[in-house]
Every structure is written in structure tokens, then in C-alpha cells.
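Some structures to go through are shown next.
The two complexes that follow have subunit A in common; it is paired with subunit B in the first and with subunit C in the second.
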Partner chain A sequence: MLAVLPQLVVSGIATGMLYALIALSLTVGYRATTVVNFGHGEMVMAGAYALFVFAGFGLSFAPALILALGLLFLWGALTQRVFMRPIISGPHLSLAMMALAIGYAMRGGARLRWGSEVVTLTRPYSQDVFMLGPMVVTMDDLAISGFVLVLMGSLSILFYLTPVGRLVQAVFQSQRGAALVGLNVHAFHAMMWGVGAALGAAGGALLGLFLPLSPDMGVWTLVRGFAAMTLGGFGSFHGAVIGGLLLGVMEKLLGFYINTVFIDITAYLITILVLLIRPAGLFGRQTVVRI
Partner chain B sequence: MAQPIVTPGPTSPTPRAPRLPRWLFWLIPLALLPLPLYLDQYRQYVVNLILVYVPVAIGFNVVIGNLGLLAFCNVAFFGIGAYTSGVLALKLGLPWWVTILPAGLMGALAGAAASVPALRGVRLFYLAIMTLAFGELLRWVYIRWVPVTGGSFGMSVPPPNVFGWVLDNEGHKYYAFLALAVITVVLTDRLLRSRFGRAFMAIKDNEQAAAAMGIPTDRYILLAFAWSGFVVGIGGSMYAALIGHITPIAFDLTELILQFAVVMVGGLGSLTGSVLGAALITTAPEFFRPFPGFLELLFGVLIVLVILFLPRGLASLLARLHPLFVDRYYRD
Partner chain C sequence: MRLTKIFLTVAAAVATASPAFADNMQGITDKTIKIGNMGPFSGEAAVFNPLNYGPEAYLRYINAQGGVHGRKFETVFADDACNEAKGIAAARKLIYEDKVFMLMGVPCSGVAMAIKPMLEKEGIPWVGPAANPKLTRPTVPAMFHVTYTGIESGQAMAGFAMSNPALKKIAIVEHSNDWAHGYCNPASEYIKSHGGEVLERIAMERGSTDGTTQALKIKSIGAQAVMGCLYQQELIILLRDMQKFGVTAPVIGALGADFDQTVQQVNNPAAVRDKFFQPYQFKAKIGTPALKEFEDMFTKYLTKDELPKAGPPTNFYYFGIPVAIVTVEAFKRAGASPSREKWIAAMESIKDFDTGVLADKINLSKDNHVGVQRMFAVGLDKDGKQTIYSSWGKAQN
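Coming up: the complex of A and B.
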């Protein structure tokens, strides 16, 4: 039983990279506007379908991916600008409902167009398998992990080492302060939602490499993104990444050592347990008000 | 000859509408009584479906509208009510009318369970995510607990039976459903117009202030969730009786958006709105069944438009029309 442990951990980390990316994309939008995008899963779904459409125009993988990410960036920014900004000072319920409703509308649109077709993306690499000592590593695992690592690496360089990144850090620290020194906080909100949507779309593109696309894939990803985010602590970037990796490994462990049916509900169980026991997660700040 | 100048505007006094007694509302169910005489079986089924959604919507509205908490677990209560009623009828052979109360009580129990995170201080998006996970976890249980729930294929429920009288056509079910819908509306109305309802409102407006004023917020949150679960659970048992076949897919996230649309379009925090929303929105799936996806698109766009342009829903339009429709939170 223990002999398969390293194998489970390795494939868990590969899936976890994907969850980490989705949790990270959720966190970007959340940190910028303190609104959780309940329609974020549909951004992931839309990213995968956009890639499919652009690939259908005869583009190869990389340009199609760039176009898809750009499209989702625009759509995410537009969503924030047109639908969220008018009600941003309203009750949280309307904000959550608005995001959820936009997501549902997108899902409905996807189902109308592609609901009855089986849509798959073609991998831009061959499906090889490597042996790493006793462990089997698939090309999918490598491609996903590599892509996510490169993406995260470039994002952290952008965030921590460039002037633009410093501006973003400033707004994250204090929106009012940033507005006082002349930063356009509204434009920043829209931009960050766009970045979140584009990152989510990248997650969707990766997911589409090994799963057939479906209009319902958004829910699946959103639940896992939430679980990773909750586990790592809401609003924490490295928390989101570590939470995602842990979630990926835990799914594999629970699924193997207890029962395969647990793979589906690991994310739910983690969400519920973490929020009940330690709502701040591993790295989040305690923000819950007790009365 | 100079015409006298009439200046309409804020200075001219608006005529007060004549006061109408609230017992006039009782005329609505009375007027609806002869409906089965005019409807065929299918139309009657659609009307029954509306009646099922009346308790579902008012239960949901108590938590998200009146208490103002982001709880997404209404579908879970609905499913628990339906499965409780179905399992009791199928496995224990109980007649349907006996299962209504247990279905409500199981719903109330689930409501109490769902309020635990809220009592532990989980709020806002955390609560929404958690209750969403709770609902999906339950759906997983329906699918996996095959010996009891019948798994993904669901379970067939025997035709409903009231005091030994089998309701085998839609017209018969209609009267039982109308009675239940009226009872739940009246009871919830009484609850909201008592100090409980006012406490919910205080918690919604400012929880800390409510607590500082000596309102035991914990108890009221628990009560609101339990009541919501109870009413929605009864709605679930009605659903089981109406459809006759319960499957886990009936309690998925599409159902959640339907229930959200009912409450949001009808009017958040308004009892009139819940009934109105149930009457208007519930029928939509019947028209758009051949176009999968269209319903989600429609409800999504509808909710977006309502939030942007009519935040208090259709009930606010009705309230503008006549003061009788304004929701009251006090006794006359």
C-alpha cells in the first residue's frame, strides 16, 4: 500500500497545480475587489471553449491560447466594469448573485451552442510516459506543472519586481491610499478581474487537454478552486497555491486509501471542515466577525 | 381667459389610497378554488408546480431576503423534504399526508445544521461557499446511498394519499397543494409580522447593532434557518407527490438558479414577491424544455437585469401600485 504513495503524491501534485492556478485566479479578483466571483468557473469554461474556437480557425496551439486569454481578459474586465461596478457598494448578496447569474448565462450560452456535441482539444505534444524511478509521470503531468510554474514565476516577477507590480501591491494594501496618490482604482478593479479571468481561462485550457469540454466544467473547477482557496486562506496568494497542491494530493490519497468515491467530495469536505474549524485557512488573516 | 395653472409635482398632495383590509388576500385562494374545472391535466400540473414553489420560495426568502444571509443550501432542504417523503412512503408504506410533517421536520433539522457555520461566525462569501458545498455533498449522498435513495435512477413514489383517499389526478392534488401553500404563506406571514420577523430585519440591517440592542442573534438565525428548512421541506414533499419520481438531478445547481430567479425576480425579502415569483418563473421550464441551456441563459440574464434595474423585484412594483401589497412587519 505504501509503495504507491510517491506515485499518488506525484500525480496529485500535477492535478494540484491546476487547482492552484484556478485558486490563484480567483484570489486575484478577490484581492482586488473583495468580491468572490461566483461565476469564475464559467470563465474557466469559456477559456477552454475560446481556445477550441480559435484552434478551429486553423491556428496552432500557442497563438490560439494567447487569443483566448486575451478575449477572456477583455470579457472579465468588461463584466466588472458593466455589471459589478454599478452595485459594488451594495449588499454582498447582490454582488454574489450578479456574479452567479453572469456565470449561469454564460453556461446557458455554451450549452445552447455546444451542449449536444463532444468537444475536445488536441494536445500540442505527444502523449508520452516517463519513468522517474518507480514513479510514472505522464506528459500531461509535465506540461501542466511546467506551464503553471512558468506562469506563476512570471507573475511573481511581475508582481514583486516591476514598477507595475508595485502599483498593484499598493492598491492591494490600501485602495483608498492608492486612490489618494492618483491611481485609478476603478480601472484597476476591471483590470484585475480581467487578469483573473485570463488566468482562469489558462486553467480551462489545461483542463481541456485531458478532459472533454462541457458547459458544466465551470462548477467542477469552481468548487475545487474554492476548496483550495479556503484551505490556503482567503486572499493569500501563496496560500492559494499551497492549498491547491494539498487538495490535489489529498484527492488522490483519499481516493486510493479509503474509497474512489471520495475523489468527488474531497473538495466539499475540505471546504466545510476548514470553514468550521479554522475559517482563516492556513495562511489567511482572521477576518470573521463574531457576535 | 387665463386657465388656472395646475402644478403637478412634489408639492401637490397625492391622494391617499383607501385603506383595504388585509383579509381581502383570502379572496385569492377562494377565487382559485374552481380552477380544476377549467384546466386540462397538463395545465393543472403546471399550476400544481407553481403551488410547490410557493413554500420553496418563501422558505428561501426568509433566509436570504429577510435575514440577509448568503445561504445557498435551499435546494438541499428541498431535496431532503422530497427524499424524506418519498422514502417514508415507499419503504415504510406510509400515506403521503403522514409524511408531510416529517419531511418538514427533516428540512428543519437540515436548516438547523446549515445554520451551524453561521452561528460560528461564518458570514458573507464563506457562508455561501460552505452552504453550496453542503448542498452538493447531499446530492452526492442521494447518488451514492443507493439502497435508500435508488441512486442516480431515483425512486418512484406511490401516488399521494390523504386520509385514505388516493389523489390520482392533478385536480385532486391541486386542492391538497393549495391548502398547504396557503398554510405555509399564512404561518410565514405571522412569523414575519411578529417580533421574530422584526428581529430578522434588525439582524439583516446591522447584526452588531441588533446584538447590542439585546437581540439574541444566534437564536434568531437558528430559527430562521430551521423555519426555512421546514417550509422548504414541506415543498419537497409536495414535489415528490407531484412528480412521483425523485432523481438527484432534480436537486442540482440548475435548480438552484431557478429558485434564485424566483426569489430575486419576485422580490428579495418580500412574501408577496415570493408568491409572485413562483407564479411567474416556475412555468418557464415547461416552455423551454426543448432548448437545453436556454433556461440558464434566460434566468441568468433575468437576474442580472433585476439586480441592476429593479433591486426589490416585482413586488416593489406591486407595492407602488397599491399600499395593500406593501410588506408589513407589524400586526394591525
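Coming up: the complex of A and C.
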């Protein structure tokens, strides 16, 4: 039984990369506004469908992906500007309900158009399988991991080594203080929701490479992303990444060595345990979360 | 005086002992028969709505021929979204507001089970493709299966695998829901009662995006074949991941997936050729002359929105149509003045009736409301040619 352990870990890391990306996209929005976007799963779904639509116009994968991410950036920013900003000072429950409602509306729209048909994306590469010693690695694993690593590297540079990153930190630490020194906090919120939506859309696009698209595909991504974010620590970029990877590996190990039923409930178990034992997660700090 | 009293007492007793049929002619006029066609027209299970459009095409075809005994069928569609609560509300509207004669369709077993008490109470007839055997076992007066339930399909899955003497150790991969158990429990019982062994029942939940753990489990326990009681998306993932990890055990899938779509979406011939099979409900291959009249019927009588966005009508259209064919046959037999009782009696009189679509002939009786038993299997042979099998390796002519 131990012979499959390396394979489970490698496969878990590959899956965890996707969770990490979605957790990271949730974290970007949260870090900017301290609001968890409970409609974020639908941004993931919309990204996959946007890619499908642009590819349908005859565009090759890369330009279609760029357009899809651009569209979701605009949609994310617009969502924040039109729907969230007017109630941003209201009760936390209103913000959560608004985010949920937007998500449901997007899902309903997708069901209306694609609910009765199964559509798939075409991979821009062949479905090759490689042997890494006794372990199997697919081109999907490599492509997704590579894409996510490049994206994470770019974001790390952006957030930790550039003035934009310092702005993010400043707004996260004190919105009032950032406003006092002349930052346009509202515009910044909208921009960061746009970035979060675009990153979520990238997750959806990657997911669509190996799964048929479905209007409900965002539901599980929100649960996994939220669990990874909780495990890593709210607001922590590297925590979101490590949380995603740990979640991916734990799902595989618990599923194989205990019972496959655990694959589906690991995210929930992690959320419960972390919130009970270490609410700040592995790398987060104790803070008030607006949900 | 005394005789009159006895007569009145007996009449009252007979009246109260009769089923609570509100109106046994409800939905029937001189010119029309109103049918409720309920199914998942929205929601994540909307891919199953061809099971509703298939029978609708046949009713429109019959209407174009002049109807039955001068009456034309009038369909009232209702969306249950494959959700029990919505299904109960939709059925209530069809029965009490639209006052339909009967319900047709309802592909989702959970919804069909949820509305069963209402149908029983009101004596409303139902004929549909929902696979839960509990809908018609034990027999309910007005409910009929003229397509295969989970029992026939599960036994066919296991029977096909075990027609290969080399396949005795079998793993089951299934969703943790009533639908999947409806297929895999009969399959498991069949395997055990025919000298086989169920090595492990492995869960794969709805919405799964990865089948690595399941594939590695199948490999590590040395399963020679797999019963896959999974919906389409999860079946595709399992087939892909089994191929990825070099698991060569053949997979026999349940009827929650469309064979052609599954093969197409796995998008890897090596993962499905001579490896993926499904019970097959039809007498011939879809697209062949034997079923051409039905393809023509779908394309002629269904609208653009009711047909697939691309390609010819799929498996589910054909699987839906026997529901309407048998229903119409019963109306023909029920005569010029049909009532629920006459229609039920007509259904129970159907013997050796060839729908022209299904692999088996319909046989119903007062004690048996499940009309079909025999199934074939479908798969791609080593050359990738879709083949209908009567048993392992033996093509059906």
C-alpha cells in the first residue's frame, strides 16, 4: 500500500496547484476589501465559459485565454463597483448575501444558455503521459502546475516587490489610513476584485482543460478554495498556496488510506478543524473578517 | 324497504372502498388528451431532458396522424430541475391546476419517488424512465415502467462482465446516492450469486474532478472489472484516470451517462476501446436503418431548441420514446371512451409488444408493471467500431 504513496503525493500536489490558484484569487479580493466573495466560484465557472466562447470565434488558446481573463477582470471590477460598493458599509450579512446572489444569478445565466448541453475546451497540447520513476505525470499536471507557478511568481513580485504591492499591503492594514494619504480606496477595491475574478477565471480555464464545463462547476471550487484559504490563513498569499497544496495531498491520502468518502469531505473537515483549533490558519493573523 | 337499505349500504361501502380517484376522466375531452411532461428543463441535470423530448416527438407524430380515436395529445411541460421540492410543486400544478390525465417523463428518480405518494393518492397514471425500481415494485395500480429500472440494468452490467469467465473479481465505483445504489446493489447481488466476488465498493462523489484515488485503489486491489454506477462527468474522469495509471480492468457503466458523449469527451481512444461498456437498451445501433424512423421523427417533430445543439439526436431521445409509444398503444386499446381504469387495464393487457426501439418486447400484467428485462451491451471493439454485444465478445446481429 505504501508503494503508491509517492504517486498520491505527486497527484495531490498537481490537484493542489489548482486549489492554490483559486485560494489565491479569493485571497486577493479579501486582502483588498476584507470581504470574502461567496460568489467567487461563479467567476471560476464564467472564466471557463468565456474561454469556450472566445475559442468558438476561432481564436487559438492563448488569445482566447487573455480575452477571457480580461473580460472577467472587467466583470469583477464592475461587480464591486455596482453591487458591492453601495452597501460596503452595511451589515456583513448583506455583503455575503449580495455576493451569493450575484453568483447565483451568473450560474442561472449559464444554465439558461448551456444547462442542457455538455461543452468541452480543447487542450492546446497533446494528452501525453510521462513516467517519473514509478510515478505517472500527465501533460495536464505539468501544464497546470507550470502555469500556476508562473502566475504565483508574477504575483509574488507584484505584491512584494513593487509599489502596487505596497499599496495592497497599505489598504489591507488600514483602509482609513490609505484614504487619508490620498489613495483612491474605492477604485483600488474594484481593481482588486477584478484581479481576483481574473485569477479565478484562470482557475476555471485550467479546470476546463480536463473537465467538461458545467454551470455548477464553481460550487466545489469555492469550497476547496475557501478551505485552502482557511488552512493557510486568511489574507496570506503564501498561506493560500500552501493551504491549497496541503488540501490536495490530504484529499488523496485520506481517500486512499481511509476511505474514498474522505475525498469529498476533507475540505469541510479542514475548515471545521482549523476554525476550532487555529482560527488564524497556518500563516494568517488574527483579524476581523467581513463576510 | 329492507332491500333498499341493504343496497344503499353496499353501494356506500363500494364507493368508500374505491381508490380516491378525483375524476377518472380528468384531462380527457372529446378532442384532446392532456398529458403532463415533467423533467429537468433547467439545472445541472438538464442534460437528461432529451428523455422528455423523445416521447414528445412521438406524441406530435401521432397528432400529425390524426391522434387516437379522434383525440389529439396536448402536452403541458413542467420543470422539476431534478429537485424533489420543485418536482412536488410542479406535479401539484399539473394534477390540480392543469388537470392532466397522466404524467409522463420524470427522469430523475429522486423526484419520481417524491411525487409517488401524490400520484398514488390521486390515482394519476405515470409512465417514465426514472430508474428507481421502488417506483413500480411492489406494483402500484397506475404506475408503469416500460423502460429498464436499476435492477434490470444492474443485472445486465454484472451479467455482461461475468459472461467473460476471466472476470470474477469486481470492484464497484459509485456515487453515494439512491440512484447509484439502485444500479450497483442489484449488480453486486448478481455478482455474488453467480460465483464472483465484489472486492470493494469505492465512493466517487458527484462533482468529483479527479479519479486518481479510485483508479489507484482499483489497481491495488487487483480488480478484474469495474462496475461504474456514476453520472457522465465522473465516469469520464474515472475512465481517463484509469488509463493514466495503466489500469486495464474494463469498466461497465450504468445508464446515467450517454455512451457516445462519454466516448467523445474521454477523448482518448485507448481509454475506451474494448474497455468501456454500458448496458444497451435498444434493438439496434443508433444511426442504423432499424432506428432511422425514430431519428427522422425527432428531427421532424422537435424544435431546434429541443434537439441537440450539434449532431444527431443522442441515446436519451431514443430511451425516452418507448414511454410515449406504450402510452399511446394503451389509449388505442382503451377504446373511444377512455378512463383511467380502462387505460390501466389496457396497459396491463400489453404482451409481447415490440416498441421498435427497445431490445426487449413489452410484457405487462396486473402483477407486473415492469415491461422489459433483456438488454444488450454496447462498447467499442479493438478497432474502435461501436458494437452491440449479446455477451462478452459476441456481437449481436
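As a working rule, the second predicted complex is superposed on the first by the 286 of 291 C-alpha atoms of A that agree within 3 Å, B and C clash if a C-alpha of one lies under 4 Å from a C-alpha of the other, contacts with A are read in each partner's own complex, and residues count from 1 in each chain.
Just so we're on the same page, a residue touches a chain if its C-beta (ideal position, glycine included) is under 8 Å from a C-beta of that chain, and two chains touch if they have at least 3 such contacts.
What you see is a predicted model; the values in this text were computed from it and never measured.
When both complexes are superposed on subunit A, subunit B and subunit C end up clashing with one another.
After overlaying the two complexes on the shared chain, residue contacts for A:94 are found with subunit B alone; subunit C is out of touch. Once the two structures are superposed, subunit B and subunit C can be ranked by residues of subunit A touched, with B on top. Applying the stated contact rule after C-alpha superposition, one finds that A:106 touches subunit B and leaves subunit C untouched. By the touch criterion stated above, A:115 is placed in contact with subunit B and with subunit C alike. In the superposition on chain A, A:219 contacts both subunit B and subunit C.
Looking at the shared chain after the overlay, A:173 reaches neither subunit B nor subunit C. In the superposition on chain A, A:8 makes contact with subunit C only, not with subunit B. In the superposition on chain A, contact of A:261 is made with both subunit B and subunit C.
Two complexes overlaid on chain A leave one subunit B stretch from 146-154, 182-190, 200-208 or 272-280 clashing with subunit C, and it is 146-154. Touching of subunit A by both subunit B and subunit C, each in its own complex, is seen for residues 111-112, 115-116, 215, 219, 261, 264.
The residues of subunit A lying in touch with subunit B in their complex are 36, 38, 83, 86-87, 90-94, 96-98, 100-113, 115-116, 215, 219, 223, 226-227, 230, 234, 261, 264-265, 267-269, 271-272, 275-276, 279, 288-291. Across the complex, subunit C is touched by residues 1, 4, 7-8, 11, 15, 111-112, 115-118, 120, 127, 129, 136, 138, 207, 210-212, 214-216, 219-220, 251-252, 255-256, 259-261, 263-264 of subunit A.
Contact residues of subunit B toward subunit A in the complex are 64, 68, 70, 116-117, 120-126, 128-130, 132-134, 136-137, 140, 144, 207-208, 211, 217-218, 253, 257, 260, 264, 268, 291-304, 307-308, 311. Of all the residues in subunit C, the ones that touch subunit A in their complex are 41-44, 46-47, 49, 176, 202-205, 207-210, 212-214, 216-217, 220, 232-233, 236-237, 240, 244-246, 261, 265, 267-268, 308-309.
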